[in-house]
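One chain, chain A, links the two complexes that follow: it is found with chain B in the first and with chain C in the second.
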Partner chain A sequence: MRKMMTSVAAMTAAIALAAGAASAGQEDNLVVNEEIEIVVRTDAPAHMENVDTIYSGWTFRSDETQALQMDDFDNPGMIFVDMGREVFDAAAGSEGKSCASCHESPENLKGVKAVYPKWNDQAEEVYTIEMQINECRTDRMGAEKLKYNGGDMTNLVALLASVSRGMPVNVAIDGPAQSTWEWGKELYYSRTGQLELSCANCHEDNYDNMIRADHLSQGQINGFPAYRLKNAKLNTVHDRFKGCVRDTRAETYAPASPEFVALELYLSSRGNGLSVEGPSVRN
Partner chain B sequence: MASGVKPRVKVPKSAAAGDSITIKTLISHKMESGQRKDKEGNPIPRSIINRFTCEFNGESVIDVTLEPAISTNPYFEFDAMVKEAGTFKFTWYDDDGDVYDTSKDIAIA
Partner chain C sequence: MKRTFVAAAVVMAGTFPALAEVVAPAAVTYADGAVAQSLTGQAGNADAGRTVMTTRGLGNCIACHQVTALEDFPFHGEVGPSLDGAGDRWTQEELRGIVANAKMMFDGTIMPAFYKKSGYVRPGDGYTGKAAKEEDLEPLLTAQQVEDVVAYLATLTE
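Entry: the complex of A and B
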């Protein structure tokens, strides 16, 4: 009897430990290179009805994964930022121009990543930063578009994210962008696939819980493009959407589709107030 | 030469004599293991960094043999004792015969 009691006590302790492990690092703060302070938790923006505090995906990861993002030398995503610099400086197209011909250095584009996706007046639609880059290439450089979720494009986006790190995400959801934003919100709360799951079922109702072996985050996208340890490369936000929708056992939308652009706008707005973090490190 | 290879190292600019310092090195390299096959089913030939060395003023600090199971962009972090000011020289040897090197100076504070 006594032995049984002991094992019950031991089990309780083990459960308590497991619960502790699940939220390891939740209280930690992120400072990159002992210099750039990153906001990883803050009050939710006013439009979010069901969540009080928003958390960066960084707070849900293990101490070891978190540490990789604290120093640019340790962050494998920075390799791709360096490759992005080469694309930035490489002339292409009939005008013989590179990004650097007009923008000089990526640092001049500090803050740009924080406000995209953004309404574009001429095109009369919401532009993601990838769409803006491709418009620059076709209209100003006379060059071919880059593949939306291809390596060069993702490296460029990572470069633009890296120079904006620490700045608050601040996408506009009113004015002409409002209808796209509302479409994105509808997509967020729509159940899809054979499992009939919406984004909200996992990332709003169950964040911080375990889904089998995975620790569910709030699904914030302020850290994209994200270097994932599981595939050792940068992952774009649309590819991540695709993976999530596929996991609900649905036919997914394509990267660069208007549905994913709307969802990206809505999701970015759920992170208004968190810092731009890309390239982040996730598992 | 394999494409996109770029060595990176991080060494403190100065240290007190007799101090142990931490050195971090990383080289971007695809580290093709030789085990994979392409779309047509032909084996992709092995192409890895097979040796990494670090020397301080000509004296060996570390000499590493790398095997195909090591993943892309190999990263090494190690400590070294610094007795005098000098130069760390880092060298990576590629399967295809290429040698990449870089060096960093350290002063005595």
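Entry: the complex of A and C
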């Protein structure tokens, strides 16, 4: 059992849960296509003060949902990866280039997703992978930016995640990125909205507990973009942030806002050591 | 305009004397986390309180608390302690304080304050994700709903 529970009733509930969890494969390991080993639990990175072990959101999901991620034929997110390949190969803009013109194949970009968000020297700010993709489009292809949270962009991000699956998340939080990281940390612990809840209240203090019908995870983002059975599409990290902030009855930040970029860097760093897992399947 | 308002107020006060006695969120006084005085001057209705406890758009207390007497309603949370026996553990005054603003009883608790309308960071307009105007904010529960919940909690004895 991961945590101490407060009351006897909670204990009973927890035992029931643990029993359910055994069948839900909470201790199971994830190997995709019987080939790609995914680290779904490991020691927390040193910069995490209140958590010893980090867990992928996959470990909190039901047997059925977990199974969907074990084979690419069953993973509905992989359809979007294929669509991402089309965007990767499509020439756009004044230079008549596609992503493939410079990078050859997505596989050539293996490892990239694992280190984003990342400090960009020229722009002197932390870049998400979406920002980097859009810079390639405007500066190298002479093309329009893709909509930050739009389908083409999300499919490309899913593609870049898929080729990095199994590699450890490893974002840098020191050097010039440090102040952004600290801002993200502050946002993570800020209690917002009329319910006055922070990310930490649910995902640090209460992971593995039920909140009504939801089994709370650590809110890790190594699995993004995530295919959610609930809305049957790929969900971006910033959309997920928005949903969780909204659920505290707060005014949310916008996708692509500097606040969400900072939060994304911070959250990514809380997953340093887990494997890149996107596109994951969640409920 | 003003006259009709005053007239209406008089009529209402005449019909429902208790309305005049509702304590505004900012006027509630806490002593060691407890609130001595009823927020409405009236006793709460335990049946109505049960509905508040179990309804998502209202108290949704079972999102965080397990309550054996409410087992007909599915999915009880584990974020807070079980409320079985809460009516034995706490006086009505304490329960009123806990429901109105649990932070007065349990410093820094995750439990939301249900009878408060200011002092929030980035308050939203309900669950829209849009900004709320601070002056338009209503407490999560009305004074009467708080009293109803308190009346229900008082029935949770072992």
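The definition used in the following text is that the second predicted complex is superposed on the first by the 261 of 283 C-alpha atoms of A that agree within 3 Å, B and C clash if a C-alpha of one lies under 4 Å from a C-alpha of the other, contacts with A are read in each partner's own complex, and residues count from 1 in each chain.
Methods note: a contact is a pair of C-beta atoms (placed from the backbone, for glycine too) under 8 Å apart; a residue touches a chain by one contact, two chains touch by 3 or more.
On a predicted model such as this, the values are computed, not experimentally measured, just so you know.
Once chain A of one complex is fitted onto chain A of the other, the partner contacts of A:113 are absent, as it touches neither chain B nor chain C. In the superposition on chain A, A:247 contacts chain C only, with no contact to chain B. By the touch criterion defined above, A:282 lies against neither chain B nor chain C after alignment on the C-alpha atoms of chain A.
Look at A:228: by the touch rule set out above, it reaches neither chain B nor chain C. Between chain B and chain C, C contacts the larger number of chain A residues. Once the two complexes are laid over each other on the shared chain, residue contacts for A:74 go to chain B alone; chain C is not touched.
In the superposed model, A:82 lies in contact with chain B only, and not with chain C. Of the two partner chains placed by the overlay, neither chain B nor chain C lies in contact with A:203.
In the superposition on chain A, A:137 makes contact with neither chain B nor chain C. For chain A in complex with chain C, the touching residues are 5-10, 13-14, 17, 190-197, 201, 205-206, 209-213, 242, 245-252. Every residue of chain A that touches chain B in the complex is listed here, in rising order: 73-74, 76, 79, 82-83, 232. On chain C, the positions that touch chain A within their shared complex are 56, 60, 62-64, 66, 68, 74-79, 81-82, 84, 110, 112-113, 120-132, 137, 140. Of all residues in chain B, only 4, 6, 8, 10, 24, 26, 28, 71-73 touch chain A in the complex they form.
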